[in-house]
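Some notes on the structure that comes next.
A, B, C and D label the chains in the order they appear, each numbered from 1.
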Amino acid sequence: MRILRKLGFNLFTWILVLLVAFPLVWMILTSLKPQTELFRIPPTWLPETVTFEHYWRLLTETPFLIYFRNSVVLATTTTVFVVVLGAIGAYSLVRFAYRGRETLATLVLFTYLLPSVVLIIPLYLMMVELGLSNTLASLVLAHTTFALPYALWLLRSFMEGVPEDLESAALVDGASRMGAFRDVILPQLLPGIISTALFTFILSWNEYLYALVLVNSDAVRPLTTGVMTMLISAFNIEWSLLMAASVMMSLPLIVVFAFLQSYLTRGFGAGAVKG
Amino acid sequence: MATAAHAGHRLERRYARLGVFLIAPTIVVFSLVIVYPLLAAIYLSFFSVYTPTLEGEFTGADNYIRLLTNAAFWNSLITTLIWTVGTLSLQIVFGVGMALLLHQNLWFRSLARSLVLFPYFVSTVVAVLVWRWLFNDLYGAINHGLMQLGIMDMPLDWLGTMPNAMIGVILVGAWKYFPFVVIAVLARLQTIPEHLYEAAKIDGAGPIARFFDVTLPQLRSVLVVIILLRAIWDFKEFDLIYLLTGGGPVTSTQTLSLLVYQEAFALNEMGQAAAYSIGMMLVMLVFMLVYIRRTAREA
Amino acid sequence: MAEVVLKDIRKEFGTFVALERLNVAINAGEFVALLGPSGCGKSTTLRMLAGLDFPTAGEISIDGRVVNDVAPGKRDIAMVFQSYALYPHMTVAQNIAYPLKKRGVARPERDAAVAKTATLLQLEPLLNRKPRQLSGGQQQRVALGRALVREPKVFLLDEPLSNLDAKLRSYMRAELIELHRRIGKTMVYVTHDQLEAMTMADRIAVMHDGRLQQFDEPEIIYNQPANRFVAGFIGTPSMNQLEGAIAGSSFVINGEQVPINRALYEQALKDGPVVLGIRPENVSLSGGSLPATVRLVENAGHEQIVTVEIPGGHRLLAREASGQRPSVGQTCQIGFDADFIHLFQPGENGSRFETTGQAHVIPMQAQRSASDES
Amino acid sequence: MTLNRFMSTGVRRRSVLGGMAAVGAAAAMPRRIRAQETITLRWWSPQSSPEQLAAYETQMRNFEAQHENVQVVFERTSDEGYAPQLAAAFASGDVPNIVTHLPSFAVSDYWSAGLLEPFNDVIDMVGPENYYEGANQIYEIDPGVYAGTGIGNSAANMLWLRTDLMEQAGIDEAPRTWDQLRDAVSRMQGGGIFGAPLPYGRNSMTSLIFIGVIHQAGGQVFSPDLQVAIDSDETRNALEFYRSMREYCPPGATNYSWGESLTAFVSGATATGIYTGRVLINVANQNPGIADYIDCVLYPTVSEDVPAWTFNDFPSVFIPRQASNMDVTKQFAAFLFDPEGYIQQLHAAPGHVLPVLWTISENPEYLDNPIIERYTPQVDLMAAAAAEGYNLGWESQGHQPNVKAGEIINSNVISEMVQRVVLNDENVDQVLSDTSSRLEEIMGS
């Protein structure tokens, strides 16, 4: 009886899980079908012939790899930039006393409310002023508009979780404030930093609107807009290439996710729970 | 109260200066990429501005008067609310449910967790593409799956007519974002002490009573935060809806973000767009403050 | 060896005044306990000594040097935290070596110093472990080691024993006394546990509500508490305090008279309201004049604590040697040992009327053994 | 005080917007650094199929070979994305040197805002005598000055037919009127094949195609002097026709735009199609099985009395006024019409973009292409149709150029009208009056 119940529970849960995962499975299956099989009515549930030609075409005939490189550079730079700023900013907000600190923290929350569409034109003008238009740097700066508040907020709750005594001990032991930050706080903050870095990376990797407006050359275009512009046009929608591109766009996230899943959960644990 | 006459302040002041120094880069970046554009947007909202040239006339509150009197803003606001409430409640219900299931002793639990959390991490572009392909009228798996199962006999137009389009968008939004709820709830579930359940069991509570009497109160603090965060994000969601339906049919899925985009870049009315976006922010602010006050009072 | 002086210290947190006009002068080599209930300002005081908090006004000096503007690391102090604050990502050896490293001590000397400290505290087998692999007592010893290794002028200890179980605590207490005797450094020890303060300190600074109540040797604190707060805070069970009045040479409560040694107070005492304080061990259950009813008897083996109620509903505690056990409900005539009666000004924190003689001082030894058992 | 005066100098405008931030620092920073010796020209286009890209590559390399120190880079934009991208570019002054293949009404829109460089020099370099008669008329918004020129013509609403399916259904003649079309599609629909892939989406294609349908009903959106004239019986008729076609279109047609519509016909899912000559190469590449059974005719009208109205979006070339290195830019613009590269560009999708120069149409190299050879009558038909084509920016010979056409298309006013009537079944009178007032609002803004 108990076995049956267990079996039932597992079956039920796994069906749900597979339903959730189905779009991703379908994405992979579609990307493996030859073009002719794609428009079969009704569709074939499993590919009759498996082909990697779409992947091959993407890699050899399109700027996919350039977009990919751009996305990697963009997401990595954004992540490093935001996490460094966020970590020292959070240190300041949590462990220092000065006037206006609370107000600042509230303002950070307020910046969540800003929709990207509001900021985009002034941002673009500024990028031109700074001589950054049509560069990855402009996207890095633009991505900080949403990534930095989030990172700061996450890191702040992580920072609050590092016992104050540790820093005090380091100070008494002869460290300066920054010395204590480096020797004692950073190592303690590491899981938080990793998790924040992951979230930032994901946000940046997936961003669409800024990338659409702020850059316009294949040399600096990231994957999101690159793939859309390249494969959806007035003359064709290359579903098979789109699905292959989708799979490859998600690959780095799969890899990162597989290795660092526990950090992500921890990040939510600290960030979301403590608010 | 801290005057220079007091002894013992130099070190404190030095620390305070260091603190300010450390937050300074963040403040600079914030001013540069958030505060300044925001002020510029507010400034623009008092002009009638042609987007490509940013030239135009000062029109005072005209844009705001049009916002108040024109149906466009209010219709989009209602659409936005329907979308937000719809997708958010699905996210919460499904997210909490899935978290409870994944908290149990499941076969291959970590694989199941990875699969469930994955939609949150794929790009919106990818998610939209996959779903548009699934929803495709001629070759889509959903229509044919449902037809093969005998649930319907004609392909359904998922994204082109109402109410299907709104349902479709809400469904995809829920699919994309419910893992966020799962992760947060899962993290919290792991911290609920087992003895609470044992106590409830001894008191004769069944699984359902245990959920409502033990689990839910323990999840309250998390849910308060997640609902706030997700509500804000859903409210200003652009990519997903823009790429999925573009706001159609007619304007049935044109949320405020899309309205702003359309006004700014299709109609080249930057000033009006800025006014809409300021209005949108004010609405969000009001909702947020009410929400925070209410949940704070209940807590 | 260094003396530590706190002069006219005031500390505000926003509008809340945490410390007011605090003056404490600690002699070189002295072991001083800062004692008080939580929130009394003792930890803030210690953190200000360490340079982790800043006085709103006043002056702190260590070894004759004003250190208000000196960073913690340059004050030549060491501190042991209640949480131990061991660096979780470092091994025991790295933890102990950290203060030396920060002071630029060369590697070989550092290793030697760590080895020496480890020997002193019997930490050798643990040197390569991480803090989380240690028991509470072991962590405590590592924290001590980290403080000791540098041989600072002053040790600051913030409730270092409060996270240990009772048995280990009493062991570590002895260890600390021994340690202080051996190294002879100035130590400032914050605790809320009066027993720790009484047993370890050369002098105790009793604090309450941000003010210093009394700063003196344990015997004097015990036998001549400065005010009702100190009287009530020191000693277990605490001193009985009865509100009544002086009439002639007697203390009157509810119309009953209790004779007092009027001569001892003659300069200060006038007729009028007053609070009488008497420790439980100076209350006898028979042979007195105050009628009382036994309400509760708690047997602790070699002694028993008896709660009695006198007319007017006041309850008193009496400490009796084991033997004959009074029964609940029994009535008796209780009496106070007149030599040990304290008289306080009325009011919540009324100060004690000074006696003119020292007649009622009892040997410390007896006190210690009595309180240890509690 | 007007913002215009405030901002008109550009520098002043930026200082207004920039003053709020730390622009002191920004001003001190070096502007975009251009190496002295190398000039970079940026070329934008939404047309970027692999074959077209290859052709562009040839043109750019050839030009670079002739001009030392010049480098041309191609940057792709998209039909839905060019508006915000160009808006941002114009607003910042960081513009591309040359933009091709945008519809003519986008040109007139930007021209009227004073954003474009007059094109007369380039047209002179290409040789006005080489153009088809009147080919540049649509760009002559201000008398004597051209805002741009065409890089090609398109006949975007050709009716594509599957002759094999017609035969099966017993239809021997291509439909000429709406009734014949309805009859034909209803007979060909079945067996998983739908009749037509008309767009009902909230997008530019629906607007553009439906404007054609209004004209095919004998109506017009604006009167020749640009008064709103959409609230007419002809429009009601057109809406009625469009509604009646819904049942012959795939369910997802409510979201169709160019790509979906094209793919539906090419993949064989619909019996008729509505598109340019791009169909030819897509069929050859993706579904060669039906290559022998495709044909195209002008899209039917309400009756034989009403002439066909071909939608030509007039793929254009223009140069932003703020573009750098104007001389070289103009040379490059003219060089785009150099036969070798131009022909390769046209061959990238034969019949899709049709030449604007008669000298090219008659060039043997242009005619030497398997698809053009195979479908000569169709290509000729499209060329003729396109030459007489119009669009919302220029509804007929008699119409004044409409500089607001781009905004009208982008605002989706027309496609929303279609959706409200066809999908939501709303009251036609109400919808038309709403649409009229919205059009007037846009015209007045």
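Just so it is clear, a contact is a pair of C-beta atoms (placed from the backbone, for glycine too) under 8 Å apart; a residue touches a chain by one contact, two chains touch by 3 or more.
The model shown is predicted, which means the values in this text are computed figures rather than measured ones.
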Which neighbours do chain A and chain C have in common? B
Fewest touch steps from chain B to chain D? 1
Need the most distant chain from chain D, centre defined as the mean of C-alpha atoms. C
Of A-B and B-C, the pair joined by more C-beta contact pairs is A-B
Using CA atom averages as chain centres, what separation in Å is found between chain A and chain B? 16
Length of the line joining the C-alpha centres of chain B and chain C, rounded to whole Å: 55
With chain centres defined as C-alpha means, what is the inter-centre distance between chain C and chain D in Å? 89
Chain centre separation (chain A, chain D; CA means) in Å: 36
Residue numbers of chain A (touch at least two other chains): 39, 41, 120-122, 125-126, 228
Could you list which residues of chain C touch at least two other chains? 51, 71
Going by the touch rule set out above, which residues of chain D reach two or more other chains? 17, 21, 84, 87, 91, 267, 269
Touching chain combinations (by label order): A-B, A-C, A-D, B-C, B-D
If you look only at chain B, which of its residues touch chain C in the complex? 1-2, 6-12
For the complex, which residues does chain A have touching chain B? 9-10, 12-14, 16-18, 20-21, 23-24, 26-27, 30, 38-43, 45, 85-86, 88-89, 91-93, 95-98, 101, 104, 107-108, 110-123, 125-126, 141-142, 144-145, 148, 152, 177-178, 202, 205-206, 208-209, 223-224, 227-228, 239, 242-243, 246, 249-250, 253-254, 257-258, 261, 264-266, 268-269, 272-273, 275
Which of the residues in chain D come into contact with chain B in the complex? 1-4, 7-8, 13, 17, 20-22, 83-84, 86-87, 90-91, 110, 113-115, 200-203, 250-255, 264, 267, 269, 407, 410-412, 415-416, 419-420, 423-424, 442, 445
In their shared complex, chain D is touched by residues of chain B numbered 28, 31-32, 35-36, 39-40, 43, 47-58, 135-138, 154-162, 245-251, 261-262, 264-269
Under the definition above, what is the set of chain A residues touching chain C in their complex? 163, 165-166, 168-176, 179, 183-184, 187-188
